[in-house]
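After this come two complexes, each holding subunit A, first together with subunit B and then together with subunit C.
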Partner chain A sequence: MTFDIASPPRQGGEARYDPAGDMTDSTGLLEVRDLAVHFHSAEGTFKAVDGVSLTIRKGETLGIVGESGCGKSVTALAVMGLIPRPPGEIAAGQILFEGEDLARKSASELRQIRGNRISMIFQEPMTSLNPVHTVGDQIAEGIMLHQKVGKAEARMRAVEMLKLVRIPAPERRIDDYPHQLSGGMRQRVMIAIALACQPRLLIADEPTTALDVTIQAQILELMRDLRDRTGTAIMMITHDLGVIAELAHRVVVMYSGRVAEEASVADLFNDPQHPYTLGLLGSIPKLHVEEERLATIEGTVPNPYSMPTGCRFNPRCPFAIERCRVEAPPLREVRPGHRSACWRAPLEEHVL
Partner chain B sequence: MSAPLLEVINLVKHFPVHEGIIFQKQVGAVKAVDDVSFSLMPGETLALVGESGCGKSTTGRMVLRLIEPTSGSIRFEGKELTILPAAQMRSMRRRLQIVFQDPFASLNPRMTVGEVLAEPLKVHGVGSANERKAKVEELLSVVGLSPWHAVRYPHEFSGGQRQRIGVARALALNPALIVCDEPVSALDVSIQAQVVNLLRDLQARFGLAYIFIAHDLAVVKHVADRVAVMYLGKIVEIADKHSLFAVPRHPYTQALLTAIPVPDPAVERGRVMLQGDVPSPMNPPPGCRFHTRCPYAEERCRQEEPALRQLGPGHAAACHFAETLPAFGSIVDRKRGQAFGRVEAKLAAYKKALEARRLAVPA
Partner chain C sequence: MLLIGFLLLQVVPTDPATVLAGPTATPAEVQALRESMGLDKPVWLQFVLYLGRVLQFDLGRSMISNTAVIEEIGNTIGPTIELMLASLVWAVPLGILLGTLAAVRRGQLLDRVIMAFSVAGVSMPIFWFGLILIQYVGTALELLPFQGRGGPLWSLDGLRHIVLPAVTLGGVFVGPVARMTRTALLDVLGADYVRTARAKGVAEGSVVMHHALRNAMIPIVTLVGLQIGFLLGGAVVTETMFAWPGVGRMAVGAITSADFPLAQGAILILAVSFIAINILVDVLYAMLDPRIARR
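Entry: the complex of A and B
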């Protein structure tokens, strides 16, 4: 078999995601069910992720948004089997990937999956590459490990990967060390490493946050193009709703370790059903809209060791009623394919 | 028209680059800021925008002489700052303050917030101990914190609260100008909005002038009166905010504006995509510094450096072909999502509810 990731699409196009297609197909590529990740410390137990469920279908891009400490990165690390234990543990829940529960796999079984069927790109292209190995060796390492090929073959594929992520003169660049590359180029190398084994799922944790805007635009365009060509499903973690609007098909909004809202990208931006999402949308200064004063979200995120009772957003929520302070709202369907964890959803019926 | 508060003329900063360990010799210079001029009126906000390494922060720090300029002139309230002796410069800093980007690194972890805020007053010999204490409490309430926060240490605060403390410290001596060096870049979006609103309120209340350094044009559009776009140590375009966002004249400004991901999936994305990276400021390209990435570059751009020239009232750009560039549709008029009205209505209800709550529970 010749290695030809550059020719679209593999497996007869089966992996391609069609947003207008059959939404009732429940066979997700990744299904996270009631995931709870706890960290134990002297101060007590920190429930970083507290009952999160989400699904990623084949070829779909799921955006996960939220602010620092909302549990979005911990969710991704749990899927990758990278939660440090101790102090962390997967306290409950299932992580079903192509039908197998990753939460119950041993470390060596996870190593077979990581970098092969699921891979990840991190925020910091400076610190996630090894400074003492050439970028070629770092790309070839995964290929040799998972695809059982020789050194020469792996190097050839590494050049192809560099070409795929549009690094100029890949035959020369392959022998460069990370410090010889710019930030944008390093992130391209990271993407090349992640895609080298043609993963089914790519987890991207704030892949463009550390980059300048013009470089960010290049990387986002590259990711969109590679996604469309390879059919890889993407879990896109970011705090930037702009990035979500550019790349995601569906969005999960997280707050304090829980899912606040889940919807298609169009529904989320046009018809948000959770006050937190509304606050986030109001907080971003918009380039294409004139506005006098930004809507804000008052206060700060709750202390993880003393969560408010009821809905965790209730102390900051302008729409909160008595019930919100007492009873935690479940994530329930407000409209087809649109779920919100808010007692006052649908908002237009209760607060307008 | 009144006199400008600050005038920066032909400001230059070259950082020498040395080679060798014992016998060092200078092998070149990083031209961090190369011939930058601008002025600022009292109560005005000028934003300096650009990507990493464009010299925006160096420019901001040179205004306070935290970095000594290589050459050029900085006139503040009619006085030339570059020739002031150190002691006089220090007393000048009563009028000139700075808020730093990183709210975690810019507060001394071993001082309480009260001590942090009282220190500038002490250094400049303002008031007695009791008066200073009263002033600290006043400052805390001005930035939306409580008087009892004065006895706490910085690590007990969140990022947004720390940035409020940084702002309070800058306000302590009643300055006329505050340089805000990426004051919200390190904060979460909801907290960003709080700090941006705070900065605007304080400006209205105390008549402050800001030099607002940022890489995020959307934030800049919200806070600035005028905007200077920098690229590789030079100002490539400077204009009134409305005119810059409506008719950007420099190809780099156009690229920056379209590069920002728009938080609305229904917006059309006509993008000026830039290829490659920013060249090294040690060895900037000849001619126009932007020509290596410019989609419209011609032979002339490679040879002749364009001057920053006036293209309209208060609008200058450094491009040979500013008049003949393809038309660039105003970013403000881009198409919105059809269902936009629904979000607007909900946002309006959200703001109203917030306001009602603020009145019900006095802070």
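Entry: the complex of A and C
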């Protein structure tokens, strides 16, 4: 099967994803349960991900937001099976993808899945492509590997992929080397590589961060269009809430290796239930409100080797009470489909 | 280089005219010879005249054999190129292989063993390694000949004769190449595009060979090119030790017998080879790196 860019989206718009959830398919496409990823170094054990659970349903786009170092990229690398071992290690938890636990799979089994059923695009389009191979070869490599087709066939599909990601003159561009393409074009090539084997899940780790704003918008638009056309589920990792608003159905907010809040995009923006989310939303500049300074979250991310006891956000939290300093809050449902790891949620009760 | 070679021979406390005239010559004969050779002229003028002749490919005549220096070089350059190639052809691939293994097994026992050997190889004087080979393989076991060139390389005897010199000269080259390969490869293995290749599900062996090593070749070739000068120096020692009829041995002979034109010619040709090899390296770059080729 190949993509046909002339054909209309299979189900049109966002209809592919049913926010209410398909009750017969409760397991979801990807289900991460209590994942813990540790890195061992001379200074001690760094718990980059410490008990994260999240679910992505078929065709759904899940946004993962958080500051640098909150564990969002490490979660993604764990799903890909790309945690460098040593020093890293999946210490606990399950990564269920279509019912199979990826955390228990061997390296060669994971290779069968990577780039085939799950693929990934990275933050740095300028350095993520191999400078000594043509973009065509780099797209064709994955196709030949996973679909067991010959060189000529793979090349034809590579041209199709370039067409799909809207690179002009794909027959000519296919023989270009990465340095002959702009940053935006390179990210399009990365997307082409990632989608070449029609994955069920696409992990996008800050795909637009390194691009300038107009190109960002184009890439997001392309990703949304391809998602609607192919029905690929997306794990969208970003620290840009604007990207989440553009593309995601649901959002997971991460802080210090844990999930702070999980909700649909509308709920998260309209009614955040974790003080950290509140802080993140407060730091977005608004065009219609005149502000001297943007709201910031006081303090800094905790030192990974000496985490605060109780809730990890408590030293920076304006809502913190004694309990927050002693006992870590579990992720609990505030409203159907909206969960928050905060003792004080729902927060509106405490705001005058 | 031309100037250095020229000046070095100027400061040698031997008068070429005295040597050429022989022990029985009278002072007047020596003086006449000196004038005919232009040695009475100031040093700078001698150099300018020498430059002028070099530009016309006239390197003078050997004071010992009276054959043209250019002809002597023509006779000896072949064996030298032969020896250099025979050394590189096994030393560079072996060095790259060892360096790759060390990089892939970084920090493990294999890495440490390879790096220990590499340090030993780098620190080992070439003449010592050659002497060890001559003593054990050449004289004690009498496995291989160690004197001279046995004939053309495609004959069995020629092949047997080149083994020991090529092992000696290449032996000191394996270590540096292995170290360079390891460093370059470790650098490249951390690159984003290597992660991309892994994310595509490419097997680790192919990630290293197809994606990483191809990129690491650029710094490896640079460093190998720079080290060729060192190899040329090694060729002089090796040729002398194994009586290999190359430019290096000729240069040593010419210097010890105060055959100035021949020595100058030999130094010149070694310098020119060094430059030629560096040009070759630049051409290789363009083949390895599309970013340079299209510029």
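Going forward, the second predicted complex is superposed on the first by the 322 of 352 C-alpha atoms of A that agree within 3 Å, B and C clash if a C-alpha of one lies under 4 Å from a C-alpha of the other, contacts with A are read in each partner's own complex, and residues count from 1 in each chain.
By definition in this document, contacts are C-beta pairs under 8 Å (C-beta built on N, C-alpha and C of every residue); 3 or more make two chains touch, one makes a residue touch a chain.
Model, not experiment: these values are computed from the prediction.
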Combined model on subunit A: subunit C and subunit B, fit or clash: fit
Which superposed partner A:S306 touches (first subunit B, second subunit C, both, neither): neither
Winner by number of subunit A residues touched, once subunit B and subunit C are compared: B
Subunit A-centred angle between subunit C and subunit B, computed on Cα centres after superposition, in steps of 10 °: 80
Touched partner set for A:S106, first subunit B, second subunit C, both or neither: neither
Which of subunit B and subunit C A:L241 touches, first, second, both or neither: first
Contacts of A:I284 with subunit B and subunit C, given as first, second, both or neither: first
Contacts of A:H179 with subunit B and subunit C, given as first, second, both or neither: second
Contacts of A:I193 with subunit B and subunit C, given as first, second, both or neither: second
Least Cα gap, in Å, left between subunit B and subunit C after the two complexes are fitted on chain A: 10
Shared subunit A contacts, counted only where both subunit B and subunit C touch the same residue: none
Contact set on subunit C toward subunit A in their complex: 191-193, 195-204, 211, 214-215, 288-291, 294
Complex contacts: residues of subunit A adjacent to subunit C: 80, 82, 107-108, 110-116, 119-120, 122, 124, 127-133, 138, 141-142, 145-146, 177, 179-180, 190, 193
Partner subunit B, residues of subunit A touching it in the complex: 67-68, 182, 184-185, 212-218, 220-221, 239-246, 265-266, 269-272, 275, 278-291, 293-298, 300-301, 318-319, 347-348, 351-352
Of all residues in subunit B, those that touch subunit A in their complex: 51-52, 158-161, 188-194, 196-197, 200, 215-219, 221-222, 245, 255-267, 269, 271, 273-275, 277-278, 293, 331-334, 336-340, 342-343, 345-347, 349-351, 353-354, 356-358
